[in-house]
Structures are given as C-alpha cells and as structure tokens.
Amino acid sequence: MSISLTTTQKSGAALLLLLIVYAVFGPMLQEGDAATQNLSHIMTAPNSEFWLGTDHFGRNMWIRLADALQLSLMMAGLCVLTSAIIGVSAGVLAATRGRWLDRGLDAIVTMILALPGLVLVLIFAAIVPGSFWMLYVAISLIQWIEYFRVSRAITQRLTHSPEVQSSKLMGFGQWYIFRRHYWPAIAPQLFTIAAFGAANAILMMASLGFVYVGIQPPLAELGLMIVEHFPYYSDAPWLLAQPLILLALVVLACQLMGRGRTQ
Amino acid sequence: MRFFTSSLAGAISALALATTPVNAEPTDQNTVKINAAFEFSSIDPSRSGYVFTRMQIFETLLNVDNQGNLTPGLASAWDILEGGHKWRLSLRDDVVYHNDTPMTADSVVKALRIATEKPGAWQGVPVTSIEVVDAQHIDINLSQPFQPLGAILANYASAILAPQAYGEDNLAREAIGTGPFSVYQIAVPHRLVVEKFDDYWGKVAEIEYARYLTGHRAEARVLQARSGQGDIVFGLDPAAVPTLKRLPNLEIIRSDLPRTLVVKVNASHPSMDTVEARQALSLALNRRGIAAAVLRAPEAATAQILPAYMADWHVADTSVEQDLEQAKALLQAQGWQTNSDGWLEKDGQRFEIDMITYADRPELTTVATAIQDQWRQLGVKLNVSITNSSAIPAGHADDSLDTALMARNYGVIADPLGSLLKDLGGAKGGDWGTLNWDNQGIKTTLNELLSESDPSVYRQKAQTVAQALYDEKPLIPVASYVQQTAVNKRLEGFRFDPYERSYFLNELSWVK
Amino acid sequence: MRALLLKRLLQLVAVSWGVGTLTFFLMRALPGDMAYRIAASRYGMDAVDNRAADMVRAELGLDQSAWSAYWQWFTDLLSWNLGNSLVSGAPVTEQIWHMLGHSVLLALAGILLSILIAVPLGLASAFKGGWLDRVLLTISTALRAVPVFVIGLLAVIMFALEWNLLPVAGFGTPAHLVLPALTLALSLAAISNRVVHTEARRVFGSSFFEFARMKGLSPSQAFMRHGARNIAVPVVAFLGIQLITVVEGVVMIESLFSWPGIGHGLAHAIFARDIPLIQGAALMMGVLFVVMNTLVDIACHYLDPRGGQLS
Amino acid sequence: MSLIHIENLTVWAGQTELLAPMSLTLEKGQRLTILGQTGSGKSLLAQAIMGNLPSSLRTEGKVTLFGDEVNAKQRQRFWGHRISMLPQEPWNSLDPLMGAQPQLQETYQLVAGQSAGEARQSADYTLALQGLSDSGHKRVDQLSGGMAQRVAIACAMAGGASVLLADEPTKGLDVSRRDQVVEQLLTQSEQGTLITITHDVAVARKIGGHMMVIKAGELVEEGDAEQILKAPQHAFTQALIEADPVNWPAPEPSTQTDKRLLDVEDLTIGYGTSALTKHLSFTLDEGEVVGVVGDSGCGKSTLGDTLLGVQQPLGGRIKRQRQAAVQQWQKLYQDPTAAVSRAVSLRTLLEDTIKLHNIDRARIAPLMQQLGLTDALLNRNSEGVSGGELQRFCMLRVLLLDPVFLFADEPTSRLDPVTQRDVSKLLVDVAKQNGCAVMLVSHDPDLIAKRCDRVINLNH
C-alpha cells in the first residue's frame, strides 16, 4: 500500500530524517562522549573544538544533544510501535468479538482516561525511578487508547458496511476481512495517530524530566537539559536554546508528518 | 472661601485617616515576602516547627548565638545541678502568649512534656521527669548527665506553645506561641502570613507583616528574587547566583552553615570495606572543581565534616586536593584491575556502586553528577539515583544503601556532639551518618564527651574523633554547604542565623 | 435525559471504585518502605530517621496487610470518608477541596482565556485566509511543538523578568493567576484556534451557508443566523475534550508556578506516598472526568439536538 | 426589458476552457431547461450566472440582469430579492440545526424586509400552502427529501426574486416526489423566469420551455423543448432520450421454470422493535426477475438483508426451498465503490474469490467478455474505474459463484442514464441465462416495468 504524502508531510519527513542522521552519526564527528566532564571548561560558547559549546559541567553539547535526541526518538518509536499493535488488535477484536469483550475493554479505557495521563506516568515512573523502560510502559499504556478507539470506531462502522457484508456473503473469513477491509481503512489513520503519538511521547518524556522523575544522570534527556540549563539563561542563552530548539524541531517534524490533507 | 478650604482640609484628613494602615491588611508595602523551599505539613512544632520558629511565632527556652553558645531565651538563666542530673531553668516573668495569657511555669512544663513524647530531637534524651518548682522555675530531671540538653532545649521541637494550642491528642491545633509575630493567616502547606505582636517581651518588630511562601522549584525562587516578588529568598541555586549578583536591587548574602555535603558510605560494602578504598574514592574527587564550577564558591571545598569555626571538631592538617594517580595506586594495591571497558574489576566483579540522592536541594543532583564522572575517571561505575531523602535512612536500615550524597546539618542542635552521637553512635552508625563503620573507640569517646566538663580534655577528645573521621573516611565530605540568600535592598537589618533557627524578622526595617 | 443521568451515575460509581482501586494497588507496588517516605514529608527532608519511620509505621498501622488496608478504604468510601492524609493528618476531603478550588480556578481562567484567544483568531483566519492564516498556523505549530512548561518559562522570562509586569509564581492575588492561566490558555488555544478555523472553513464552504447567502442574507446575517451555531457544535465538543484533558497541562503549570492545585498536590503526594490523598485526588479526578463528560454531552445535545434523545 | 440576458459567457480554469461561450435571453414568464449529464458543466453555467464561482475560476462575457450589466460582485446584491438559486441537494442546503419555519421566516424578515410578525405569518402561510404546516418546527434531518426541497424552494423565493435557478432540483427524489417538486417550480415561475438544470429527461419534458443540451461544456443543441424531445437532431441528445426508461423496449418474458426457490409468509422486517413493513407474503421461483418498489425508508434494503440471512426477521417465515451453498445467495449494492475494497487491485480481489471457491479459470474470460470487461481493467483498483465498470465487476464476481438468488439493491441508481440502461439489461440477461432469480430494487417504476416479470410493492 502506498501512502502519497502532502508537501507538508514531506517536509516533516525530511526534517525527521535530518534529525535521525544527526542523532545517529553526529557523535562520530566529534571526539569524546556525552558524560565526560571538564569542570575547568564550563559553559564555553560554541567554537571550533566544541561546535555547540559545553554545558555547566563542561560536557560536549554536540554529543549530548545527539544522545538526547537518540533517546527521545527511541522512546517515540517504541511507544508508537507497542501502542499501535496493542491498540489496533484490541480495537478490532472489541468491534468484532461480541459485546462482553467490548464492554470490558471500554471499562478499562474509561478508567485509564479518567486518570490524567501524566499522573499515571508519574506513578509508574515512581515504581522504578529513572527507568527508561518504565516510562516506555507507562507512555504506551496511555497511548494505545487512541489507536484502540480509532480502530474500534472504523471497524464498527465497517462491520455493517456493504464491502464487509459482501465479503461475508462470498464466504470469506475474519482474517481475510481484516486484511482487505479493516486494515486498509485503519492504516492511513494510524499514520496520523502515530506521528502525533510520537510527538506526544517525546513531549511527555521531556515533561517528566521537568518534574525530576524522568531519566537520571548522566544520561542526556531534552526535558532535563532544559531544566538544568534554565538557571544560566542570561549567562549562556545558547545553552538553554539548544535543547529547546531541538525538542521543538523533533516534535514539529512528527506533527508535520501527521498533518494530512484536511489540515 | 473659608468654608471651602476648611471642608477641603477636612476631606483630606478624612481621606488620610482612611488610608493610614492601622493594622489594616497586609499589602505589598507593609509585608516582607519570604520564599524558601520548605513546606509545612502541620502546625505541630515536632513536625515543621522550624518554619514557625524561623518566622518567630514560636520561641524556645534557650537560644544559640552565631558561635554556637547557649544564650537565654524564654528562660533567663539555667543551672546544672546534682552533677548534671538536674537542669533548673529560670523563666522570664514578662512573657505573654499570642492569646494574651501569661506564660506560666505550668504551661511551660506542659509544652515540654508534650515535646518529649514526639519523635525527633527529644528521642534518646534520658529524661525522668519535668517538674514545676515555683512560679518562675522548672526542673528537668535526667537519669544520667546529658550535656547536649541545652542544645535540645534550643531546638524547634522544644518550642513553648500556650496550653490552649494543643488538641486532645497533644498535637498543636493552633499556632499560639510567644514570638514577636503572631499568625495572621495559614494555608498549609504553602503559605503563612504573620503580623507583628505588640506585647512581645523583647524587641518589638518594626515591620507590620511578613509572608512565608513555599517555592518548591529552585528556578522559581530565583525568579522571584529577580523580579522583586521575594524580599528575602533562601536557598538560591548556586548556578543563578552570578546573574543575581549583577542586579542592582538585590544583595546576595553568603553565609557559612554547619552543613556539609557528604557522601555516606556503606563501610561493609565489599568494594568499600577497606580504609584504602574509601581514601581512593576521596582522592579521586575534584573538590575544588565542584566548589568552583557547581557551587560557585571555590573556598567551600572541604575534606572535613565540620567547619573550621567549630574549632574543637576541626583538624588542622588536611588536604582537599585531587590525586587520581594515588587513588588508582591505592585501588590497584587492593587488587583492582582496569578491564577493557575502562572499569575497575576484581575477581570478575566490576567496581560498581549506587548513589542515592534527592532533588529537594538543587546542588545535590549536580554534585552527584560531577562525582559520577570523577569516579568514572578512576574506573568506578556509579549509578546515581535521584529519589526521596527518606531513601537514605531506609537504605541505612536494611543495608541496601551503597553510597548516598546528602547535605547534613550538624547545627540542628547547636552543639555538634548531639548530631555526631546520632550519626556515629548507633549500632550500625546513624541514619544520616556512618553505616557499618567498625570503630568502637570513637563511640566510646563520644559517650565520654557527654559528661566531659573540662574544655581542654573535651577539645582533645573531639580532635581524636575528627582525625579518625578524616583518616578512615566513613563519610566522604565534598564541600561545605554555602547558603546564598537574596535580600531586596528595600530592607535593612537582615542577619542570617547559621543554625537556621530564626529569620530575625523583628530586627528588619524598611529603607526609608 | 434521565436515562443519561442514571447511566452516568453508574459510570461514576464504577470509575470511582476502579480508579481508587487502581491507584491503591499501584501505590502498593511502589518500592521502598512507605513509612520512611511519609516520615520525610512529615518531619522535613533532613529530619527523617529510623525512629520517625517506626513511629509513623506504628501510628498509621502500615504493617497491616494490603488487603485489610484496602478493605478499610473501601468501607470508608461507602460512608463518603476518604480518610486522613498520612502526612498532615488532616482529612483528605478538606485538602482536596482546597486544591480543587485552585485547580478549577486556574482551569476555568485558562479555558476562558483560550476561548477568547482562539475563537476570534480562528474565525478571522478562516474568513480572511491568506497571510493571517499562515501566521497563525505558524504560531500554533510552534506552540504545539514545545511542552507546556516551556511556554510557561518563556512567559515568565518575558512578562515577569524582562518587563516586570506580573508575579513569577505564587498565589493569592488576581495578578498571580495571569501567567499560569495565560500559559494554559496559549497551549490550549494553539490547538483550538485551528479547530475553530477548520470548522469555520467547513461551515463557510457548506451548501447551507452558501444557500443562506443565495436566498439573500448578508454575510454577517448568514454568519449570525447559520454560521455561529454550526461552528459552535464541534468546537464545544472539542473544548469539552480539552477541558477534560486540561489536568495534564495543569500538573506542569502548577509545578512551575507553585500553584497549590490538585495536579501539583497529586504529584507531591506520589513522592510522599500519601496513599489516601492520592486515592482521593485520583478519585476526584475520575469523578470530574465523568461529570465533565456528562456536562459536555448535555451542552452538545442542546446545541445540536440531531442525535435524538440523550442516552 | 428582458429579465436576464447573457452574451458569450465562458468559464476558465487557468488556460482551460471549462464552459464554451453561452448566450441566452429570458423574458418574464419564460422557462429555460438545460439538459446534460453529470459533469457536463451545466452547474458551472448556473454558478457563473449567479456570480458565486470559486475564486480559482474566471469568467468572461456579459451578464445583464433587469436591464443593467452587472459584474459578479454586483450580482451578490441581487441575491434573494431579484435572483435566487435552488441548490442541488436541499438536505445539505438547509441549516442542519434550525427548524424549517425559522429559516423561511428569517428570509421574509431579513431579505423581504417584513416585520417579525408579518414574516411569521408569511412563513406559516407559505408552509401551509405547501402542505407543511405540521413540519415547520422540524429540522432538515426530520424532513423527507421532497419536503426539504419544498422548504428550500419556498426559502429561495421568499425574498421576492423573479429569476430562479434550479440546479438538479429532483436529484435523489422518488418519482412521486419528483413530480410534486416540478409542479411547485412551475407555479413559482409564472411570476418571473425559471432556469432548470437537470440530467433527467422526464423532468425536462415536464418543465419544457426553451431548452439547451450541453455536453462537456459545449452547447450541442438548442431550441423548443417539446421539439427537441420529439425529434432530437444531435446524436448525444438522441442517446440521452433513448436512455430514459420510458423509452426502453419492453422486456422479453423470462422462461418460467416453476421451480420454487423461496417462500415468504407473513414476514415482518425492521430493526429492534420498530417494524418497517409487516405481513409480507410472496413466493419466488428459480430464474424469476421480480421488481421491488416502495418509498424510501419502507425497508427495501432491509428486505434484502433479511432474505439473505444477514439480519433476523422480526416475525414470519422465510423458507428456502432449494438447498444451495451459502455463497450462492448474493447481493449487488447501490454504490459499488462502497462494496469493494479499494486497498488492492480488482485482479487481486478476483483471485481471492477464485482461490477461496476453487473456481474454474476457464469460465472467467467468456464471462468478462459478456460483461464488457477488459483484462486491463483488472489491474486498477476500485477507485480507478467508472461506476458502471465497477458494478459489472461486482456482477462478474457474483456470477462466478453460481448464484441461485441475487438481491440487486438499486444497482444502477448512481449511474448515468446510458450506463444505467446497459448495466440493468446486462444484469437481467446474464441472470436469466444462469438460472438465477433476481430481486431488483428501484425507485423508478419505469425501470422496473421494463426489466421485471412482476413487481412487489412494499407500500401496500
């Protein structure tokens, strides 16, 4: 199945690709690593040795930003993948496998929705503090609902549609109907949800950094960097600006990708 | 015309009368705005009493001066009788509670008895009874001499509240104290407004109102100082200090505290159970770098727990220099080899330890991050975990703790002996002190000091303890904690209490 | 209507129980000894020690099994008693009302402000198009690309530090409300002005709007008579969803601005392991969720009665 | 003075001419009918006259209204009280949230300038005149298509316009409703002039007047309606007229087998507790072609679903007299694009069917030839072929399954008249050849009369 992209989506994809290239290959272009400190060279402005300067521990910002970006992208990718698989399967099953499953899943969804997502993530993050994997579980736990609701709605609409009725009358089975009818209808929507979901996962991880329950040192994380660099905003504005701009760019790239023809 | 002028004058004077603040409302002009990090979860002095003593609502029988000497408070004098088994306190006769009832010996005894039942400062004090002697005197009877009792009486947990303040469960329900300020408004846990108390026995305040506001985030407090929304802002993030110093409307006051940034070490951890291993960890620290780059106070680097001005407890000949080579050599002698990844290894085990710290004090996280990298140079893998401060005593209790970075205040009780006893004297050490440090001699010395009255012997024994702490590193000091306070220049008379018992609000006045 | 209210009441009961139970067991799953955490919050971060923890444990009966604690909570809930805070000892309901008041104030101010921003801008950009649309789209996209706390930080830098117009943080006076509400409003309006824009475009381009013009109404008459309400239907539904999810942003904003609301309180309670407070606050949020949903449904029904009877 | 005079009006999209120069003049009391197929540019002409073309299109030529030459912008001032347009689908053209009466009243008040009280009276009177007194409070979703169209006409005329443009005023309406709407338009046109745009020859015949036939933006024939309809000169006009079911040749009677396929006794159909049709009894023989008619909403589609076993009957019995495999009971849908997955090529869908039922591939080529399907067509997906082609592809798939019963639910209503004629004929012919019984649903009694052996009317 081919997805034809709008110009907006293409520019989003190009930006995302650029960011991925930086995250993966950026660190190779400079010596050193993201954790090594140099307390006698703190907060140097960007120069030929440190292309983006150093932070308040004298760490190389070029490498730290790339590392942080890697982490954010990985989180976004994993969350999207997991929640999409769970959400779509549950959504299709709920719409096709009888009332009780539907009601049960609906009850779970209402429960999760009734709790603000961030609170759920805070609790999960507190179970294993500073764990990437716990954040991943928590964010996925919130995000699958969107996929679930959309795939359930589409499937429900389709179960009584002529095309599915026609395939049933011709004797085709459930799996065939999923493959030929439900999935093709869900997939384009999925792309949009996934793009925005990725953006949200990145934003949520950054927000957790802000309330100190995100990733722990010395791992670089964009939200935490923003908080750490904030006190220096008048001494070293570039230090605060760098993670901010990078965060905005990666979220923007995802959101542009998700923007379909309608908007 | 005459009629006109006189009526105009009348109108003006009426207007002036109406706007004159006769104990009117707290406004921006008549209120000192104070911002600090501490929430108060309750009015009870045993819990968040420090907020109430600092805001000068509650007072204690004894006070402490800047040098740590006991001075009279609500008690004008104290005598130690019967070889230290009895403390007799003479009460002031001119003290009035905020509810306008006089402070009597009965009410003081009631307040003290309630204080002794609660967790905190009074636990472990060998009190047998507290009795009224006469209208102006009370006795505290001890089963054995206890030198730090004076310091405990100066602690916020020993604050004297009016009898009407307590509920049936002996928890304070209303904040009725004796200080120069009384409560105007309380919104637990963030906000406290006080107004001056005109019948105060001591120096009556000049400012009318003061407002205490909890600001959890260090960034927010800095911003409040910058923008003039905090007149006095405590606990500034060192990172922001250089910027704040450039502002014309602020004065940044640097105060030394008997508070030290210390790494608590589990001395029975297989990698750290030798003196040499702990010394190596200490030598690997770039204390000057941390002090200069992180704390923005290069002279704060220290290798000792107690500051130089606590001379009894401070040894002269110590070094804060980093020596990575010697540190490596020490560990090599212990059998540690560098593996291919650059980490130290012995018997297939990596030198890998956890460090707990907490985010409430902004410096701790950054210092931990710095230590992490400095120990990495040594080949020691440190996993920093930023959590709640309670993880430290909890980890102490079940031995799960490897190391912890903390900011320990040895002046909670004015004489550090009390704190040191708590920190070093327990079976395993102390919740906020050593863990599994096997040095029976030190415990014995500390206990002897409790009843030691000869200053020179006291000093000699104290030096032994300080030397042992320096040599064996059951606690690895990093830097002394520098309190940075921003004070708006519209105020004068600000004074910082190194023991953090009082904000001395009654000494403040508005710059005219 | 009755059927709807009855159904929502049932949902309310189910959500209360479910959310309370979920948080209870999640909190029990947290590592570390609760007693220490609670003691730290009670006696101050540096004053917590073994003895304090022991006393807390004894006082609160933390040794009892999870099941009996849960049963205790459940039976108390039936008598509308949410228990006492483990930290302050004050009744949870009291604390929640206090926090809720602040949060609702902030949320309402934020939402109102966001409507004041989003509706005129969304309509104008849909009507005028061109550069206005592009500028608004760019600003909206930029605001959506940063977390809400960043908007707050930038607002603080601009309004409080550089221009010194408004207080940085705190609460108590109307001036304190402005920045947090503005931050919230901007983050909400970044999305909602586009929704208004899209819906307005839909209505302006619809056959019925065109027909209203064809039959002789002037553009403003057509807008007032046939545009406004038709645009309002999906916009109100969307604002309803925003209102429900606003708590998310509120946690961040409250933390940034030291605003003593429920989001901030909940985050603190999680750190302090104050289980009754967490349960109570989560439960209250669940209740709010259901109530809000119901109100939004009813509002949408009155604006757009096409769906037939409420059920 | 002519009410409307147009000289060489053209519409351009960039450099492409969408509408070739058109000229017309109408006096008071005259009528103009523009006949053409969907997409022939006839709606463009109407919009160009009104002056509400999208900004991406450009017009040239002269438009004179009531003696004044006016540009598009100026014409907006005439909307409602001088010139008015009735849009294509009235159910989309009325405010979905407002009742019918207020929409009419506001026109009297705001456009005709009456006071609120007068406007209310006028609105009530007009509604009563249209037999809609009881429906004034109803929203468009509560009105039938015909009622909605009558309300729309009333609204369009309430401002007092003497020139009315009606763009496909009968699209999607049942025949009985269609005639009512045409009557109303004729009544309205007596005071001024009426321009009707339609694809429906029957409507054109009823309205009459002057007539223009348009094909792909070009005028192919112009003259008196009666004359053109009687003796069309242009081949295109001829084809259009022939495609009207009235002009179809009478059906050949099918070869009766007298073998009973289905017995239906006292059947009640509907959803949940609401029955759409009750006490329905009929029989169906193998190979028979039966028409099903009835007003919209009477349960024609539901009958099909019930007979096919997709839905349970609310009462009564359906007895299948012949044992056949599940897939031999089939259905054709009104909208073939909704009935075929667009995710994969038609060939893949065909292969899926072949594999599932082990169909002999040798049968495919002849059947495709008969249905007029080329092999190349199969490489596209459902969106890449025309509606007629797709419906024939659906027939191909269905016929490969050797159906004994085929429920055809308005299978040609979305197709243009020529295609409708061909496809419906093909359907009936092929089904007869294969001995498959057909139930053909349509709202057009002429079509049913020309294609079916007998008729079941669900209205009675």
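The letters A, B, C and D name the chains in turn, as written, and every chain counts its residues from 1.
Assume a residue touches a chain if its C-beta (ideal position, glycine included) is under 8 Å from a C-beta of that chain, and two chains touch if they have at least 3 such contacts.
Keep in mind it's a predicted model, so treat the numbers as computed, not measured.
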item: From chain C, the most remote chain by mean C-alpha position; value: D
item: Most central chain, judged by mean C-alpha position against the global CA mean; value: C
item: Comparison of A-C and A-B (more C-beta pairs in contact); value: A-C
item: Separation of chain A from chain B, taking each centre as the mean of its C-alpha atoms, in whole Å; value: 43
item: Euclidean distance of C-alpha centroids - chain A vs chain C, Å; value: 22
item: Separation of mean Cα positions, chain D and chain B [Å, integer]; value: 86
item: Whole-Å gap separating chain C and chain D, where each centre is the average of the chain's CA atoms; value: 49
item: Chain C residues counted as touching two or more neighbouring chains; value: 255-256, 271
item: Where chain B touches two or more other chains at once, by residue number; value: 387
item: Shared-contact residues (touching 2 or more other chains) in chain A; value: 230
item: Every chain pair in contact, whichever chains are involved; value: A-B, A-C, A-D, B-C, C-D
item: Touch list for chain B against partner chain A, complex; value: 218-219, 222, 237, 239-240, 242-243, 286, 289-290, 292-294, 359, 365-366, 368-370, 372-374, 376, 384-387
item: Sites on chain A touched by chain B in the complex; value: 35-37, 39-40, 42, 56-58, 129-130, 212, 216-218, 227-228, 230-232, 234-235
item: Touching residues (chain side chain C, partner chain A) in the complex; value: 11, 14-15, 18-19, 22-23, 26-27, 29-31, 141-142, 144-150, 153, 157, 194, 198, 244-245, 247-248, 251-252, 255-256, 263, 266-267, 270-271, 278, 282, 285-286, 289-290
item: Chain B residues within the chain C interface of the complex; value: 38-39, 41-42, 46-48, 50, 119-120, 123, 171, 187-191, 213-217, 220, 223-224, 226-229, 358, 360-361, 387-391, 393-394, 396-398, 406-409, 412, 422, 430-432
item: Chain C-facing residues of chain D, complex; value: 50, 52, 76, 79-81, 84-85, 87-89, 92-98, 106-107, 110-111, 139, 141, 152, 155-156, 158-159, 161
